[in-house]
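Contents: one structure, followed by commentary.
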Amino acid sequence: MSNVPLSPPVVQESVARALAEDVGPGDLSAAAVPAHATGEAVIVAKDTGLLCGQPFATEVFTQLDRGVTVQWLAGEGTPLEEDQEIAVLSGPAAALLTGERTALNFLQTLSGTATAAAKLTEQVAGTGVRIVDTRKTLPGLRTPQKYAVRVGGGHNHRHGLFDGVLLKENHIAWAGSLAAAVAAAREAAPHTARIQVEVEDLAELHQAVTAGVDAVLLDNFALADLRTAVADHSDHCFLEASGNIGPANVREVAETGVHAISSGALTRDLTSLDLSMRFRASAPA
Amino acid sequence: MSNVPLSPPVVQESVARALAEDVGPGDLSAAAVPAHATGEAVIVAKDTGLLCGQPFATEVFTQLDRGVTVQWLAGEGTPLEEDQEIAVLSGPAAALLTGERTALNFLQTLSGTATAAAKLTEQVAGTGVRIVDTRKTLPGLRTPQKYAVRVGGGHNHRHGLFDGVLLKENHIAWAGSLAAAVAAAREAAPHTARIQVEVEDLAELHQAVTAGVDAVLLDNFALADLRTAVADHSDHCFLEASGNIGPANVREVAETGVHAISSGALTRDLTSLDLSMRFRASAPA
Amino acid sequence: MSNVPLSPPVVQESVARALAEDVGPGDLSAAAVPAHATGEAVIVAKDTGLLCGQPFATEVFTQLDRGVTVQWLAGEGTPLEEDQEIAVLSGPAAALLTGERTALNFLQTLSGTATAAAKLTEQVAGTGVRIVDTRKTLPGLRTPQKYAVRVGGGHNHRHGLFDGVLLKENHIAWAGSLAAAVAAAREAAPHTARIQVEVEDLAELHQAVTAGVDAVLLDNFALADLRTAVADHSDHCFLEASGNIGPANVREVAETGVHAISSGALTRDLTSLDLSMRFRASAPA
Amino acid sequence: MSNVPLSPPVVQESVARALAEDVGPGDLSAAAVPAHATGEAVIVAKDTGLLCGQPFATEVFTQLDRGVTVQWLAGEGTPLEEDQEIAVLSGPAAALLTGERTALNFLQTLSGTATAAAKLTEQVAGTGVRIVDTRKTLPGLRTPQKYAVRVGGGHNHRHGLFDGVLLKENHIAWAGSLAAAVAAAREAAPHTARIQVEVEDLAELHQAVTAGVDAVLLDNFALADLRTAVADHSDHCFLEASGNIGPANVREVAETGVHAISSGALTRDLTSLDLSMRFRASAPA
Amino acid sequence: MSNVPLSPPVVQESVARALAEDVGPGDLSAAAVPAHATGEAVIVAKDTGLLCGQPFATEVFTQLDRGVTVQWLAGEGTPLEEDQEIAVLSGPAAALLTGERTALNFLQTLSGTATAAAKLTEQVAGTGVRIVDTRKTLPGLRTPQKYAVRVGGGHNHRHGLFDGVLLKENHIAWAGSLAAAVAAAREAAPHTARIQVEVEDLAELHQAVTAGVDAVLLDNFALADLRTAVADHSDHCFLEASGNIGPANVREVAETGVHAISSGALTRDLTSLDLSMRFRASAPA
Amino acid sequence: MSNVPLSPPVVQESVARALAEDVGPGDLSAAAVPAHATGEAVIVAKDTGLLCGQPFATEVFTQLDRGVTVQWLAGEGTPLEEDQEIAVLSGPAAALLTGERTALNFLQTLSGTATAAAKLTEQVAGTGVRIVDTRKTLPGLRTPQKYAVRVGGGHNHRHGLFDGVLLKENHIAWAGSLAAAVAAAREAAPHTARIQVEVEDLAELHQAVTAGVDAVLLDNFALADLRTAVADHSDHCFLEASGNIGPANVREVAETGVHAISSGALTRDLTSLDLSMRFRASAPA
């Protein structure tokens, strides 16, 4: 499976920030470990889920001590079984202990999001609909979270305000009309960006299509209205459904034929994947 | 209620980072809004919970446009009712729209954590036990999350590896013995830091107390063992219980008389508080 | 005219960087000026062109000394006559002298690019074609330069690799075929991004349209081929012409009916606008 | 030829900034390339000029993927012929494609400036005059541009306000007199910095020399006056001519015997060198 | 000897900052050295003292040129004799010369502080008292300085305001009473932090102990009062003496039996260790 | 007295860094102070010396809380008497307490250096010699330290390697000869930089003068040799004496007639000025 690759500077910067907040001027407890002790540890899944976050976890140890080696036993995006060993780490004991929590925090957070994306994606299997994320993310973690959504089989909506146009009720109010808002955005935006408008009902959808939008966000539409929207417009306009769609109803929404279903909960809420690092027999210096 | 105040530079830096990831080189959709339009908006709670994150939300608009004013209608840490108005914002329309999502992301995330802390805290009301957080946090968000725990009535454990000693199984293994690990940490750490040791059973607890530790983490102790620990050691050692303690059993653990109960789920998982920003009638230029 | 607004943090960061390289640890020559002297200066155009860069020039003095006031006598994007006064600055003399060059460097650079954009835009007046920039920019100055293109009446192409898809010969070679490359990109990219493909001749254009692309880059097409492309595809595909198009031939390319013409020279080369700061009579302390 | 070496941290920081603006959270188009594909590419000159910017171009790939190797076929500062191959790159295909534009942007910009410097330098060959740059540079790019001037055989004037004294009309006005300004600057500046004064005519030159300056900037002097200045002062004062001196008249100015000629256009304007990266046959995975 | 390890990111960041201020855009004098010359140099002690700062000195050359190798002839914390060779460096001559001063500045500063710590520590040998530092440090150098104190055999007090509680006269005044201040701090602080109070006399000491503090700072106590404090409280409260304690009287204070003696002069004043770098015969290219 | 002004961004950045290391995620002890308490404090000199560091101390409170006002009772560079009140601060109590130590650390460090500079300067009063600093500074504090030297009446040598040329024994060895080194440096350096050479005896001084240097560093010259150097060369070459010159012998060196005397100890060692902040009666909320 091909994918949008993570940018290495983003990984480095996210990890540097996380290490700064955890290690700060130094790990006091590491003083209990002899300076030259080395050891080996394994990261183990304590629940089922999708593995995500390898580049971040590896980078944690790269920044702390280049003497640590990390060998992954399962690939990024692999479904994990309970008690499955995910990685073997070996090297200076102090660095293993110092980096443990930061590495696990990345893995548990991103695996949690990837797992949630995978669950929604599986529920719409075969429908051709794409599950997409939103801008409702954890502040400062948007790029890692959107990567996790992709690893989980989901798709990204725009990254932020700069790479896509989504006109909402208030843009329209200030512009004077839906048509005026669309015209202004089309004129101002790069031609590489699609113009999408959020609509509340079929009448607004009609206005949007007439204004020549490329995509619409059908907010809180009833299933019947979604089906009408699909029947009338799915060949010339990208149709995204949103609003309180979760595991309980995502399949029936997907079966209406919309192109995409967005879920704020995917990146706004989080159930982390339970992981732990277990240290194997080591030979203290 | 007095509290550890947030450091302003931390707020500024967290917000700058969140704005960079959302706004980047510029808000394409803002082009639909006349440049000199002004407006007014209210932030509204769409669910019940504890309000948290005001300094971050205010800072979002300070960084975007000093012409925006933010007036809070409810204080930090206030329990919110559904549909309660939390804040009134007024100023340049483009800045209100550009900052909306970043401000809400801070509020929904931190209010979610504060609400979770408040729920656990309320369940142990009257027992005198403190609910404490852990280092299982969202990478890069530790300071804001720990602030939210405090706003929710919880307490903080150490911030990171630099401001407290917590010796675990592996520190002990590499040091040679629990006593050796404690001695090494006591020797190396500032006298302002307490020495805490994680123990798995009463025998290890006994060893720890004998080694002169200031605090222990009683990991996955049965209730009976917690009671024994309290009876034997609560007057000369800080007792923290941890391990799969959540809403279902936190009260009975608290009633054993331990001093603190730590919960990884508090900051590792997240159920955001649902909030929205509604724009009031505005007079477009 | 509405436009994509500049993000204030981008302005602040660009100016901070420019001041650091010019002022460094301190302005040695400012020692010749009495510490409390104040004065007044005017920025004057020494050639004709479009004014661009006001937010950057104002920010220079904000960062150096909040006691400096900057009053603009001509609006951003205004055509300037030779010797026209653009701004009046007053405040501490040392700050005026220290900031002079950095402020002028932003203005002369961005006015130069805006002027170039305006010249191309004027040449295609009435054709409805948009003049667009490219990623051939001065390293570190992309956001300011793309802003200057907009101020000059031009349009932006994608900002970078993250906000638009443009598949070139090599993407296609590695993907195996144009259709495979388009399918992979469509699958991986947010639905908010259009898929554009660079094509070298009409046969490739036909392949691209068949593969369902949203836009094509017609690279070095003869005028006749551009006309064929327009006749066959302009209603269902965004057509951008590029390749050695400058003042000499931009009008005839525009008249073929393509939607956009991109120019690398617009941001890759630079003829700065000649400006100077003249100090008015001042009353030295 | 020896030279002032580039500081590695400056190169790293310039490249990090340029990559951030181009790649941001990730390269969408790279998704069309199989994740493990590798390839080879050559950078080719499409015009004649002087090659400059190698350390920056190499650093681009170092930061993106250490698996990329860059082999230079022509040395920094080499005159290039049209179609000359400059470098061979090999490694992961996605990294080659992602880094292509940023690497070329550094090379085309700096080669453009080095080429301009070389042209002016060649025109004064044999006169012993040095062509020097100014502080009229592209904001944020001063160190790379001044490096390019050196590679092109030119010389640097002061880097900024902190490493040289140049007193202009307004310093003198605020100081009260030329002599007072020189005395104040001499007193305040490190003894390692020469004191230079800008003069408008022979009378001011006489004042400056009397005040004991080390160097003067002869602004817009007629050729005859330059010759007088040289005859009277070139043995005890560094004489720099400036003001509308370009390819058309630089030789005659040089032949007056001044020590240096400064050119703002050298770094204020830019004609980039045309370069491209061509991908050779690759074996997609 | 085990110790709290330095965090690698802290070392990197301190060195990057020091190199930026010394090397800036480039080393002008390095132009006198042929570009490909290599050489060898030794760092030599010119006085007696304790060696400290190796990780910083090594990092200087890592950041400048990875071709430089640094071989340490004496371990961190070793007592040095006059004229003792400490390290051998070899590699590119320009990098050796460019990095010389920054590397020596770290070594001389940190060795100076480590030496001062060692002197005080030796004077209290056998008493069991720990010599501790304070927050009176050189702005921006706290982490390196506190590391040097540890290398010199001293101990650290809290790093800053975030990792320990020390209530002084004014906290107490604003809280209303010593007991109220202690209660508020105990309630607000992590349980991992001890509560320490500064007291001026035995009466205040009594109040503090009654309020249940973990530690006290006995400020400017007479020796007799220190002895009383020790007799009455040393088994249940950590006793730190401070106030004008230096080489002349530290032994007699230590012999009172207090647990620790803090010295502001240790990190507030500085007598650097005299070091130099000598270049050995080299073979210029 | 005119002077080279401090660059505001340098002050801001130095203070931000110092606050980060002291306050980090938050001031635990501030929790003992009621959130809305306000107060007033005075900074008092506890010893005699020269006041230096006001812009840094003011900036500390600006960054912490804009509600704090700082009123200086003595000007920057003023000689202080014991117990003299220097500044009155008023505002939120928590901010006053949180900023106290960082503000004092800047003042005590920079006043210490300014005082040392003033002492040396006074000793050479009337001789016309300038006391200059060196690059032997505290890592990361060079700009503040060099500012303090100026406030103390001393002068700065070059700031770093980028703004002055100083050729030492090793540059000369690698260049092949003193004349070759001077020629290479002269060729490579901006004409705004003087060329200075370190010489060990009169023979080398003669070589240097013959090579046309602008300045020499007379390292460890006997007084008689300094007098010879002055007699022979002081009218055409800047003569700087260095090497073990301190309060004991600076006057006799100055009386030889050299232009400058440099002292490494001035910025390499430090005796801080003793200062304290005293809180006045406050009205706790």
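A few remarks follow.
Each chain gets a letter, A, B, C, D, E and F, in the order it is written, and its residues are counted from 1.
Here, contacts are C-beta pairs under 8 Å (C-beta built on N, C-alpha and C of every residue); 3 or more make two chains touch, one makes a residue touch a chain.
Because the structure is a prediction, the values reported are computed rather than measured.
Common neighbours of chain B and chain D, by the contact definition above: A, C, E, F. Residue numbering at the chain D/chain F interface overlaps substantially, since over half of the positions present are found in both copies.
Most remote chain with respect to chain F, judged by CA-atom centres, is A. The interface with the greater number of C-beta contacts, when D-E is set against A-C, is A-C. With centres defined as mean CA coordinates, chain E is found 51 Å away from chain C. Once the centre of each chain is set as its mean CA position, chain E and chain F turn out to be 22 Å apart.
Rounded to whole angstrom units, the spacing between the C-alpha centres of chain B and chain F is 43.
Residue numbers of chain A whose C-beta contacts span two or more other chains: 2-4, 21, 23-28, 30-34, 98, 142-143, 159, 162-166, 184, 187-190, 193. On the chain F side of its complex with chain D, the touching residues are 2-4, 130, 132, 150, 155-159, 162-166, 184, 187-194, 196, 214-215, 238, 240, 259-260. Only residues 2-10, 142-143, 146-147, 159 of chain E touch chain A when the two sit together in their complex.
Those residues of chain F whose C-beta lies close enough to touch chain B in the complex are 16, 19-20, 23-28, 30-35, 63-65, 94, 98. Chain F makes touch with chain E in their complex at residues 14-15, 17-18, 21-34, 37, 39, 56, 93, 97-98, 101-102, 104-106, 108-109, 112, 135-144, 159-176, 180-182, 184-185, 187-190, 193, 268-272, 279, 282, 284.
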